[in-house]
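A, B and C are the chain letters, set down in written order, and residue numbers restart from 1 in every chain.
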Amino acid sequence: MDAYTVGVFTNIGLLSFLGLSAYVLLITGELSFGQQAFFGVGAYAAGVGTAMFGLPLVVATAAAMASGALAALVVGLPTLRLRGLYFAMATLAAAEMFRILFELLHWQRDVGGERVGPDGTQGFRGIRWVFEQGIEAAGFLIVVYGVLALLVAALVFVERSRLGATLRAVGEDPEQAASLGIDILRLKLGVVAAAGAVAGLGGALYAHHTTYVEPRNFDIMLGVHGLAYALIGGLGTALGPLLGVVLDIGLLEGSRLFAGYRMIVFGGLVALLLVIRPRGILDERIVHGWRHRAWRPR
Amino acid sequence: MLVDLAQNTLDGLGAGASYAVLALGFTLVFGVLRVVNLAYGPAIMLGAYAATWTSLHVRPGLATLAAITVAGSVVAGAYVERLCFAPHRATGLRPGAAVAAMVASFAVWMQFEEAATLALPNHLYTFPSLTTAAPLPLGPLALRVETLVSLAVAAAICALLWWLLYRARFGIAVRAVTERPTAAALTGIDPAWVSVRVFALASAVGGAAGFLVATTHGQVTPHLGMWTTLKGLLAMMIGGLGSLPGAIAGGVLLGVLEAHSQWYLGPQARDLVAYLLLFSLLALRPRGLLPARHTG
Amino acid sequence: MEAALTRTPIATVGIAALLIALAVAHPAHAQRAQAELACAGTITVHVYDCTVRLSRGGRPLEGARIVVGADMPSMPLAHVVRPVTATPGAIAGEYTFRLALEMSGRWAVKLRVEAPVRDQLIVHYDFSETAASPARR
């Protein structure tokens, strides 16, 4: 693989975390415009961990996931009762608040004779742990996909379990689910936290990939892309959001067929696709079909 | 001290007037279709870009530029309706149709943004200013001409909308579809007919707001699309989803609040305060300040 | 890397990479290089000729191998710019390269120094269709 291909695949892998974060909420029937904030929280937290305090990446990443989950809970708790558009708007407002807080965050430390840490709109430079470990681009690509594979496997496992069925039941008809004795509020908090942790995980890897982050990375455009990836790829399986990213970054950006017109082509494709398949390419019906075929005795 | 307070309120009213008009356009679409059109702002941006492009090649008057902005927004808005909302109305009963339509409108947003940068690739273009006249003295205060014009235009649009919705035949159909969709269908009102016209009307209203914003700021950037959508959404949600009086109240409140927080706390805090207000309102009073009667 | 990818199952390599990442202690900080970037537009739209002056401890950094990439901070992960290698210029510590970007706007130019020291420098720069200027931040 040449450097360009490695770059494209790394971006696909990193954006998949954002798509999966949106997906976890979508299957429970919630639409969030704010997952980019938790991606950002994870990026900053992991950067603080490795660059400012010299923690190993694994520890910093765990801290980033916890921070992402915590931030998501802070947003989720006061908005638990909200649904649909109201929840979406609340997450959007919260995410923009986080972005502005990143702009106001100045916290630097002297590390090896250099000031390191978040510096407001100037961003947070020198998140060089991966670089300084001598992990090359291809090696980091493997790390990204290793973590992504674990995450997808975990999501698939959860979806096939009783919990997965409960989540989808809540997503389809919350009133009916509640009447069956499901504690919707508790479930929703759990899902909000999990989606925050997934975004935080992606953010931690992102920060170490670029070696610098800045507040403008985490504006609403990034979040809506994550949302769109999940919805295009399909809500039937955790592989759906990955397919969504591959279509945009892999097929359109990677192929360079539509250089300069990529957004126009992708935008038109998405709008048309959603007419044919409102719940994405790999929607519940298709995935259901697969399972039946797989289980049919020979 | 008190003069600052009054002056900020006055300036805020001017900005708030544009926000109110933006929110009115947003609310019209939401009231009828129960969907959020994320491409609302980008369509307005495209209209403003069409006017900017014209002003770069010929030197038309401000009235012509305003007309081009409105016309451009209407054309772009009609495109959004056809591609993103009309196909999903047919499947309106299926859960998730509104979400699919909203995401589709985001996809079109990306198209508009790229189309704008292809037509005018620089990051920033100057837009002819409304006036170079000095602010009018008003006791110890200074009344900017832009503020006066914004308020007048906003008042005129409110009056026009009120007449259209509550006095004209068109309005009866719109309100029937909004408030009693089943009854409207039974009396033979075609929702598709209403939808297209409401979209065109909303885009025209938004285009007028877009012109006010562009000429007051004296510049346009591709960022205008996101800016317009966010301000319109904020004002609409603060006032109460789907409520026209709420849209006006939300817009004015947002404008005044922004002016004060910018003065006392700085530009970053200005946006922070606006989002904090929206977030707290949603958490405490989700239906907004002046809720619509028939929010479903 | 290619060979490793084809021979070993990816999961094994991934876990190994994670373990290595976990095991290694954090490194000492060597003195960082400094970069001064100057880019100018060419007759081709979105193609720029750039010169970078590298120094370390106030002295020109000679004989460096630099691989240049770029990201767009407002659209994270959306663009991948094909990396180019810089060639030594007329003056000691000066290197030139030609950068082909996908669109106008603010880019973060990534200078990856591979020899004689390993370093990575990020310089923000504003690019329009045919011109370029340092980012005012």
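The rule is short, and it goes like this: contacts are C-beta pairs under 8 Å (C-beta built on N, C-alpha and C of every residue); 3 or more make two chains touch, one makes a residue touch a chain.
The structure presented is a predicted model; accordingly, all values stated were derived computationally and were not measured.
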item: Overall pattern in which the protein chains touch one another (line/ring/star/complete/other); value: complete
item: Winner on C-beta contact pairs when B-C is weighed against A-B; value: A-B
item: Whole-Å separation of chain centres (CA-atom averages), subunit A against subunit C; value: 26
item: Centre-to-centre distance between subunit C and subunit B (centres being mean Cα positions), rounded to whole Å; value: 42
item: Centroid spacing, where centroids are CA-atom means, of subunit A and subunit B in whole angstrom; value: 30
item: Residues of subunit A engaged with two or more neighbouring chains; value: 221, 260
item: For subunit C, residues contacting two or more additional chains; value: 103
item: In the complex with subunit A, residue positions of subunit B that touch it; value: 36, 38, 83-84, 87-88, 91, 94-101, 103-104, 106-111, 113-115, 118, 226, 230, 233-234, 237, 241, 268, 271-272, 275-276, 278-279, 282-283, 286
item: Complex contacts: residues of subunit C adjacent to subunit A; value: 1-2, 5, 10-11, 13-15, 17-18, 20-22, 24-29, 31-32, 67, 69, 71, 73-80, 82-83, 102-103, 108, 110, 118, 120, 122, 137
item: Parts of subunit A lying in touch with subunit C, wherever the complex brings them together; value: 1, 3-4, 7-8, 11, 14-15, 50, 54-58, 111-114, 121-123, 125, 128-136, 138-139, 142-143, 145-147, 149, 206, 210-212, 214, 216-219, 221-222, 225, 249, 253-254, 259-260
item: Interfacial residue positions of subunit A with respect to subunit B in the complex; value: 31, 78-79, 81-82, 84-86, 89-90, 92-94, 96-97, 100-101, 103-104, 172, 220-221, 224, 227-228, 231-232, 260-264, 266-272, 274-275, 278-279
item: Touching residues on subunit B, where the partner in the complex is subunit C; value: 117, 121-123
